[in-house]
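Got some structures for you, see below.
Both of the next two complexes hold chain A, though its partner changes from chain B to chain C.
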Partner chain A sequence: MISMYLQGDSWAHRLPAGLKLLAVALGSLILFHVSSVWIFTGCLVAVVALYATLGREGLAQLRLLRGIVFFVVALLAIHWLSGSLDEGVVVAMRLVVMVLAANFVTITTRLDDMLDAVLPLFAPLKLFGVSPRTPALGVTLVLRFAPHLMLVFSRLREAWQARTARRSSWRLLAPFAIQSLRMSDNVAEALKARGGSAGLSSSP
Partner chain B sequence: MAFWPKIRTGSRERVCNPDAVPYAVFENVGLTIGARKVLHGLTLSLSEDRVGVIGLNGSGKSTFVRLLNGLRSPTDGKLTLFGAPSAEAEKELPRHVGFVFQNPDHQAIFPTVEEEIAFGLTQLGADKTASREQARRFLSDHGFGALASSPFAELSEGQKQYVCILAVLVMQPRLLVLDEPMTSLDGLSGRKIREKLMSLPQKIVMISHDLSHFEDFDRVLWLEDGRLRMDGPAAEVLAAYEADIDRRLGAGMEVAAL
Partner chain C sequence: MTDRSLVHIAFYAALMAALGFMPPVVMPLAGGVPITAQTLGVMLAGVMLGPVRGALAILLFLFLVALGAPFLAGGRGGLGVFQTPSVGFLIGWPVGAFVAGWVMRLTGGMAILPASALAAFVGGILAVYAFGIPGISIMAGLPLVKAAYASVVYIPGDLIKVAITALIAQTVARGLPGALLSRS
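Right, the complex of A and B next:
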C-alpha cells in the first residue's frame, strides 16, 4: 500500500489524534454552513499553510489533489450545465478544503492512535455483547485507505491519458470500482489471516 | 491502561491442540467456488517440518493452502486441523497458523513497520503501549530496529517481505504458510529469506515456482487441476515435475512443427 503517513515529529504529529479528528469533524460541520468564496479562499490558504509547516515533504503531499481534480471538474461541469456555476465553485472549494484537512490528519497520525481515538465512540456496543473494535477498525481503515483510492484513481487517469491523450472519461469509473473492490478484498483477507477485526483475545 | 477492552464471548473452550500430529488431515476434501470445482478429493495428512507445494498456474495451490488457516473452508469431505474439525477450528486458526501472502503490499494493513508488527500483538490481547514496546524490541532483535518507524511503502521489496514474515512470527504461530513469498525478490533477498525460513522452529508449508527453494524440504505436494498428482520426498517429486514440464514442452513443439 502507498504510505499515507509522513514520518516525523512535527507539532502536528504530537497533537492527540482525538483532537485532530474532532477539529476536522467540527470544521467540516461549520464549512457546510459557509457559502462565501472569500472564506473558502482563506480556508484554502490556511490549510495549505498547515502543510507548509511540515516542510517540503509536507507540501509534496499536496499531489493528492491530482486525484480529485477529476471530481472537482465534474462538479463544476454539472453546476455549470445547470446554470449555477457560483454554487459549483463553493461546493468544489469545500470539497478541496475538507479533503486536504482530512488528509493532513491522516499523514500526521499513527493509525493505532487513530484507532484508539475512534474506539470510545463505539464503546456502547459492548452493552450488546458486540466488540467495538470491529466498527472502530472499519472507520480507521476507511480513513487510511481513502487517500489511497484517490491515488489509484489518478494512476488510472494517467494510464488513460497516456494512451488516449484525453484527460478523463466516465469509462474510468468501471476499472476504478473493480480496483477498489479488489483492494478491499485484499485488506479483508489480510485482516482475517491475523485474527479478524475483533482480535483473538476473546478465545483464550 | 488497556484501551482495548477484552471482550469475552462466553467461556468457549479451546478446540485446537497446537501440538497435534499430524496438524492437518484431509479426507476426500473438495472445494467449489461459485460453479467451479477448484479442489477435488484430496486425501493426505501433514506432519512434516517443511512441506512444499508445486503445480502449474491455476492448479489450486493458493486455494489449497488457504484451507490451512481458514481463509477458505472445504465444501466437500472432512478436514481436521490441529485435532479439530475445520469449521470449529476456524476462529482459533489465525493464532496457530501464520499466513504470508505473495504480495507484501496486500498483507500490510498499517502504514509503518512498527504498527504492522504491533498489530499482531494487540490481536492477541496486548494493549497499545505494551505492543509498541514489544514490537520495537522484536524488530531490533531481528535487525530491523533502525527501520521501526519507517513507512512500509518506502522499504525495498525484500525488506517488505521480511517485515511481513516478522509480522506473522511475532504472533508465535506453530505453522507458517507462505504463498510464493519469493516471487518479487531478487536472488540475494530470496536466498536471505529462504535461510531465515529454514532456521525457524515453526513448521512450514510453502508454495513456490522456483524449485530450488525446496531442496532441503521433507516433502513436496504436486497439484494438478485441483488434484494431488504426486506426493513424496522432495527430490522425487521435483524430478517428476520437471520431467513432466519437459514432456509438455516437447509435445507443444511437435504440435507447432506440424
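Right, the complex of A and C next:
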C-alpha cells in the first residue's frame, strides 16, 4: 500500500496509534504558546533523538524536512528584512519541531492501524443513518482508484504520443474525464450488486 | 448516503491524489507553498459533484493524507503537513469545493461553461485564499498583507485551472451528462 510508513519493530512502532496521535495533538497545542528559543532548542534535540532511536534509517527520514527548507529560509529572510529576526527564529524552530514530531507518528504507524485508531470517532455517523464503516470503505476505494486513474491517463498519453509524436496535451483531458467517470459508474454498479457498503468488511 | 455517492466521492478524492503525482513547482517567494495541480481537483470536485459531495470528496482526500498517504504534490503527506504554513489552504480546499458546488446550484439557469468558470473562480480561488492567506499569516507570524502579497504569484496558475475546469465540465455535460451531478 502507498504510505510513508517505515518498516520496523521499534518501541515507537509498538505504541498504540491512538496514544501517539493524542501526544502529537497535545504537543502542538502546547508548543503554539511557547516562544522561548531555549525550549525549542531542547525540543529539537529531543525530537531528533526520537528519530535516532529508530536507527540509521530513522535518521534518514529527517529528509522529509526538505519540503519545508525553502519555507524556513524565506521565512527567516522576511522576518530579517522587517527587523523581527528573533520572532522569525522562534517561528521557524516551532515549525521544524512540529513537522518532525507529526511525521514521526506517521512513519511509525501503519496506515491500517491509524485508520483503526480514528474509526471510533465516526460512530456518530449512525445518527445520520450512515454506516460508521463508510469512511473505511471510502479510503479503500481511493487507494484503488488513484493508481487506476493514472493508468487510464498514461494509456491515453501513449496513444497520443504514437499518433502525434508530442508528449502530452490538454486535449487528453476530455477523454480522460469521460473514460474514468464511466469506470466509476461501473464500480458503483458492482458495489451495489454486492450488497453495498453495509455488506462489505472494512479491512482494506 | 448512497453507495453511488460514496463511489463518486472516492473518485474525486482519488483524482486529487492522481493530480498530486504531477510535478509541483515550488515558489520560494510564498514561503515554499508549492504551485500544484491539486486545486484543479478542488474546483472539479465542487463543480461536478455539487456542494456537499464535493466537500466530502476533499475531506476524504485530506483524511487519507493525515493517515499517512503521500498524496499531496511532491509526495508530501502525513500529519506533518498540517503543521506547515500550507495548512490554511488545506482547510480552505473543502470549503472551496463546497462554495464552487453551491455557485453551480445558484447559477442553474446559466450555460455550463460560464457557470462552471464562475463557480471554480469563486470557490477554487476566492474561498481557498480566504483561508490560505490567514494560514500563512498565523503559521509564519507574518502580517496579513505580507502573506497576501506572497500569495499573489499563484493567481495566474489558478486562472488557468479555472479555464480547464470549465472546459472539462462543458465536455462532460455533453459526453456524459449524468456525471455532472451538480446539475442533475
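Going forward, the second predicted complex is superposed on the first by the 126 of 204 C-alpha atoms of A that agree within 3 Å, B and C clash if a C-alpha of one lies under 4 Å from a C-alpha of the other, contacts with A are read in each partner's own complex, and residues count from 1 in each chain.
In this section, a residue touches a chain if its C-beta (ideal position, glycine included) is under 8 Å from a C-beta of that chain, and two chains touch if they have at least 3 such contacts.
Since we're looking at a predicted model, the values are computed, not measured.
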First (chain B), second (chain C), both or neither touched by A:R157: neither
Which of chain B and chain C A:Q7 touches, first, second, both or neither: first
Touching partner for A:K192 - first (chain B), second (chain C), both, neither: both
Greater residue coverage of chain A in the superposed arrangement, chain B or chain C: C
Which of chain B and chain C A:L141 touches, first, second, both or neither: both
First (chain B), second (chain C), both or neither touched by A:R133: first
Overlapping contact positions on chain A, where the chain C interface meets the chain B interface: 2-5, 111, 141, 144, 187, 191-192, 196
For the chain B and chain A complex, residues of the former touching the latter: 3-9, 12, 14, 69-71, 91-92, 94-95, 98-99, 101, 103, 105-112, 115, 118-120, 122-125, 128, 132, 149-154, 167-168, 171
Chain A to chain C touching residues, read off their complex: 2-5, 21, 24, 28, 64, 67-75, 78-79, 82, 84, 87-88, 90-91, 95, 98-100, 102-103, 105-107, 109, 111, 114-115, 118, 130, 134-135, 137-139, 141-146, 148-150, 153, 170, 173-174, 177-178, 180-182, 184-185, 187-188, 191-192, 196-197
In the complex, chain A residues that touch chain B: 1-7, 110-112, 116, 119, 126, 129, 131-133, 141, 144, 186-187, 189-196, 198-204
Of chain C, residues touching chain A in the complex: 1, 3-4, 6-11, 13-15, 17-18, 21, 26, 28-33, 60-61, 63-64, 67-71, 74, 76-80, 82-85, 139-142, 146, 150, 164, 167-168, 171-172, 175-176, 178-179
